[in-house]
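Shared between the two complexes below is subunit A, which has subunit B as its partner in the first and subunit C in the second.
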Partner chain A sequence: MARQVYQAVVDGILVGGVYALMAVGLTLIFGVLDIINIAQGVLVILGAYLSYVLSVRLHIDLFVGLAITVPAMFVIGVVLQWAFIRRLRGRERTAMTLLVTYAAALIIEGSLYEAFGPDYKQLSAPYVTSSVHVLGFYLPYIYLYGFALAVVIIAGIYALLYRTRFGRSVRATTQDETAARLIGIDTSRVATLTFGIGVAVTAVGGMMFGATNSFNPNSGYDLISRLLAIIILGGLGSIGGALAASVFMLTLESVVDIWSPQWAIAVFYAALVVVLVVRPTGFFGRAPARAQ
Partner chain B sequence: MLRTEGVRKSYGGVRALDECTIEVGEGTVAGLIGPNGSGKTTLFNVITGYAKAEAGNVYLAGTKITNIAPDKVFTLGIGRTFQLTRIFPTLTVMENMLVASRHARAADRKRAMAQLEFVGIAGHHAALAGTLSYGQRKLLELAYVLVADPAVMLLDEPAGGVNPSLVNYIADRIRELHAAGKTFLIVEHNMEFVMGLCDRITVLDSGTVVAAGPPDIVRTDRRVLDAYLGEDVEDST
Partner chain C sequence: MMGTVTRQRIAAALALAVLAGAAVTFPLVFSSPATTNYGVYALIFVTAVSAWNVFSGFSGYISLGQAVFFGSGAYAVGIAARDWHVSGVAVFGLLPLGAAVGAAIAVPFGLVALRVRRHTFIVITIAVFFIFQLMAYNLSSFTGGSVGVSAPFLPWTATTFNERFYYIALACAVVMIVIAAGVRRSRFGLQLRAIRDDEDRARGLGVHAMRVKLAAFALSAAVTGLVGGVWFLYLTQVQPPSGFDPLFDLSVVLMAFFGGVGTISGPVLGALIIEPAQLYLTATYTNGYISEIMLGALFLAVVLFMPRGIIPTAGEWITRLRTRGRPAVPAAAAAAAPQSAGKAAAGDTA
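Take a look at the complex of A and B:
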């Protein structure tokens, strides 16, 4: 039994890395634009379909294909923000962006149905179905590669945010958009590029999701509810929090799954409730700024 | 250097600025005073592009900058501080400075550190800005506007809410910058501070300019006394 639990913990950590990749984009967008991108789940699935097309029709390796799908998803994100979200202003902005991103999700989902139909697909490659045996644990290559990629991408986003002028502009905009504009930051540009980056990472998340799960055009809805739970638990806007929450929740789910697969999903959301009761801002969420 | 001409701005049915015309000469320290709600901060907002003027124009060194985006106004050379400080609390003090500087090269760090030394908070450069006291935040705000080397600095109540010795310290820093040729437009309720610092004062009441001129003239103007100053000024000077 102990070995089963250890294996479940290892599985949970590796799968958590994959979910972190998907959640990081969502929490980055929330942090800067103060909106929840409901389309994030469907965009992950779009990323999976792009990888599918490159893999099946052009025989491009899943990881090599990211060189095409990441820039493509970045452009899609920039267009979404520029065309729809940028125009929303005023007190109703947050509510309106929920509707607009939901509408975007429906349009993307409909287009995917039109192009690929309702049948489930799964990405395949030699490393998707093989594992390495280390210290008695079976570690699937795809999860190992995905976890390593997640760490690299999250470290890259951290470096972007904390080591570059653009990153400082992003963090300043996150804290006080008005003040940021008044000291020369083009906050519209910051918002557009951040949305682009937040969507670009769904290409990687989508490839990993598609390689480890079967998917069809409406797989995005289950995904978005999980991603929302993760970024709330991690602390809205916190990238490190998204990683910690992904690993925590997926590990918990994986361990509970040993005894009761039915309860595994319930425990996933129950953990969210319990943590928020104790710590309402999540693992790494900021308390509201103190009044001056 | 900075001029507004017939600026008009309303919020709902309330006219916040009406035919508001002011002038700030190059290398001068200009004061903008008036009772609460007289339109001082609104005028700052219009000048910096944060609020759109319904009529009238704003000129910087002869160039029309009316209703252009705040980030462009800053880039053109107008820096601003706020009545309630608006620093970035989870960035370090140095990062706050670098956000405002045009680039992030080593020279900018050096320049940023020099400005922090000038305002006296260089020792806190690695601290999170949110851990600073209110007075230190005021100084940081002044420093991060300075680091961009604006042509005109708009200071919104620089002496507001800080202790008397810090008020004097801030006044001394402004005098030094003035001596170096910097141009200021200052909104302030502390009459001693304004009268002692400014070359020229403009008085707003209900969004309209009721008087403008050197401090000695303004403080004795009957319209100003009626609108705002009353006996307080005579008591304090």
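Take a look at the complex of A and C:
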């Protein structure tokens, strides 16, 4: 029993790293643009399909293929922000951005159905099915590689945010958009690039998700609701919070899964509700100065 | 000035009378079950969207979890009919149970979710929605699992079946619209809109924000639960993905925004346009994906070209048409007055 729990904790941490990557993109977008990108889930699935096409049709290795899918997803993100989200202003912006990103999700989902049909797919590679035996734990290679890649990318995003001029502009915009604009930051450029980066990470998340789960165009809904729960639990806009919440939630789910696979995901959402009753701003959230 | 108002009142009353006449005679003119089917679904959505609007549209708390109440109402009626062996027309007596279950769920749900605002509130409603869908799947001894629950048999032919359900749904829709209009005019409705505009200030002025929000949430949930029961009896079955459908949540919000959030006629118009269009697209393109893409494209078009919905935008167009060609009013105060008066009138008739 104890053995199983330890294994579940290790699994939870490894999978949590990958979820953290997708959640960081979502929370970054929220922090800068003050919107929730409902399309994030289906964008992850789109990333998975891109990897699928590259590996099945062109026989490009999953990790090598990221060199193509990451820039592609970045461009998709920039276009979404530039064409639609940028235009929304005013009191109903919260709801409107939600609807716009949801509409984008519907269009992407429908197009994926048209292109690939409803059958479940899974990405395959030699390292997807084999695993290494360390200290009595079975660790599939794909989880190890994915976790390592997630750590590297999140570290990269941290470095970008805290060590570069662009990062300073992003953080300034997150803190106070008006003030940032007043001191000469091009906030709309910051918003567009942030949206691009937030969506670009879904290429990596999608590849990992597609290698470790079977997916179809409809899989985005389950994913987005988990990601939303994670970023709310971590505190909206907080990258550290997204990391902590991903690992916490996925570990919890993975441990509960030993006893009751059916209820594991309910525990996931119940944890969200319980935490928010005690602490409405999440683990690391700042209380808003004056919520509207 | 008085003359215009009276004339507007009369015009509105006439329009309402024509609409009511059209609604009542619709199944008599188009008696084919395929056509009345559109009417039943449209009216179910008129009720559900108006119910959503009374809470979310007035208070500004966007709920993406209305399917919790819709599905629970459907399941409540279905399970009660199954376990208490209710058969025949008596099942309609169970509809108030759907409403009661909806309200009973809304109170604890609201006590947790209404503590947070904006995005966090939206996400909590989504999370609660998924918990309910999962419960419908997993509590299989109670809900029938993925097989779901079936309604008792009603000994009517296809034509009478649809026609009777049409009038039941019409009754629900009319009652809901009257409730919405009543709430909008009342002190309660004013408190809700004060919360939407600035909750902290509303509290400062003595609005018991939590009590008001919770009451509106429970009211909205009760009606949604009731109409969920009607939907279940009409469809004669419910499964977890159809009762607790994420597309339902989003369609309701889309319809409200399409027509105009916070108005009375906006949600009605949105539901009457979008639901039949959606049914038609699904029936025409049987693979369903095309209709999904078109729905998404419609969404984007609405948001980009009519960001405040049909009713407020159309109101502005009418005001602009009426004032066109008139000489400019000299005083600044007078220049501002007709426009705000026009807006207020558009808001009132809406």
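Rule of thumb we're sticking to: the second predicted complex is superposed on the first by the 289 of 292 C-alpha atoms of A that agree within 3 Å, B and C clash if a C-alpha of one lies under 4 Å from a C-alpha of the other, contacts with A are read in each partner's own complex, and residues count from 1 in each chain.
The definition used in the following text is that a contact is a pair of C-beta atoms (placed from the backbone, for glycine too) under 8 Å apart; a residue touches a chain by one contact, two chains touch by 3 or more.
Since the structure is predicted, the reported quantities are computational estimates derived from the model, not experimental observations.
A.B. asks: Clash or fit: subunit B against subunit C, after overlaying the two structures on subunit A?
C.D. replies: Superposition check on subunit A shows subunit B and subunit C fit without a clash.
A.B. asks: If you stack the two complexes on chain A, which partner ends up touching A:V100: first (subunit B), second (subunit C), both, or neither?
C.D. replies: The second partner, subunit C, only.
A.B. asks: Tell me which touches more residues of subunit A here: subunit C or subunit B.
C.D. replies: Comparing subunit B with subunit C, the partner touching more subunit A residues is C.
A.B. asks: With subunit A's C-alpha centre as vertex, what's the angle to subunit B and subunit C, nearest 10 degrees?
C.D. replies: Superposed on A, the angle at subunit A reads 80 degrees.
A.B. asks: Looking at the overlay, what does A:D119 touch: subunit B (first), subunit C (second), both, or neither?
C.D. replies: Touch status of A:D119: no partner.
A.B. asks: Determine, under the contact definition given at the top, whether A:R87 touches first (subunit B), second (subunit C), both, or neither.
C.D. replies: The second partner, subunit C, only.
A.B. asks: After the superposition on A, what does A:L272 contact: first (subunit B), second (subunit C), both or neither?
C.D. replies: Touch partner of A:L272: subunit C, not subunit B.
A.B. asks: Please work out whether A:A229 is in contact with subunit B alone, subunit C alone, both, or neither, and reply first, second, both or neither.
C.D. replies: In the superposition, A:A229 touches subunit C alone.
A.B. asks: Considering only the touch criterion stated at the top, classify A:A179 as touching first (subunit B), second (subunit C), both, or neither.
C.D. replies: first
A.B. asks: Look across subunit B and subunit C in the superposition and give the shortest C-alpha distance you find, in Å.
C.D. replies: The answer is 5 Å, the least C-alpha separation in the overlay.
A.B. asks: Show me the subunit A residues, by the header's touch rule, that subunit B contacts in one structure and subunit C contacts in the other.
C.D. replies: Comparing the two interfaces on subunit A, one with subunit B and one with subunit C, the shared residues are 292.
A.B. asks: Sort out for me which residues of subunit B touch subunit A in the complex.
C.D. replies: Of all residues in subunit B, those touching subunit A are 48, 50, 69-71, 74-75, 79-80, 82, 84-91, 95-96, 98-100, 102-104, 130, 134, 144-145, 148.
A.B. asks: Could you please specify the touching residues of subunit A with respect to subunit B in the complex?
C.D. replies: 164-165, 168-169, 171-172, 175-176, 178-187, 286, 289, 292
A.B. asks: Sort out for me which residues of subunit C touch subunit A in the complex.
C.D. replies: So the residues of subunit C in touch with subunit A come to 62, 64, 112, 115-120, 122-124, 126-128, 130-131, 134-135, 137-138, 198-200, 246, 250, 253-254, 257, 261, 287-290, 292-293, 295-297, 299-300, 303-304, 307-308.
A.B. asks: Which residues of subunit A touch subunit C in their complex?
C.D. replies: 30, 36, 84, 87-88, 90, 92, 94-96, 98-100, 102-107, 109-111, 113-114, 221, 225, 228-229, 232, 236, 262-263, 265-266, 269-270, 272-273, 276-277, 280, 290-292
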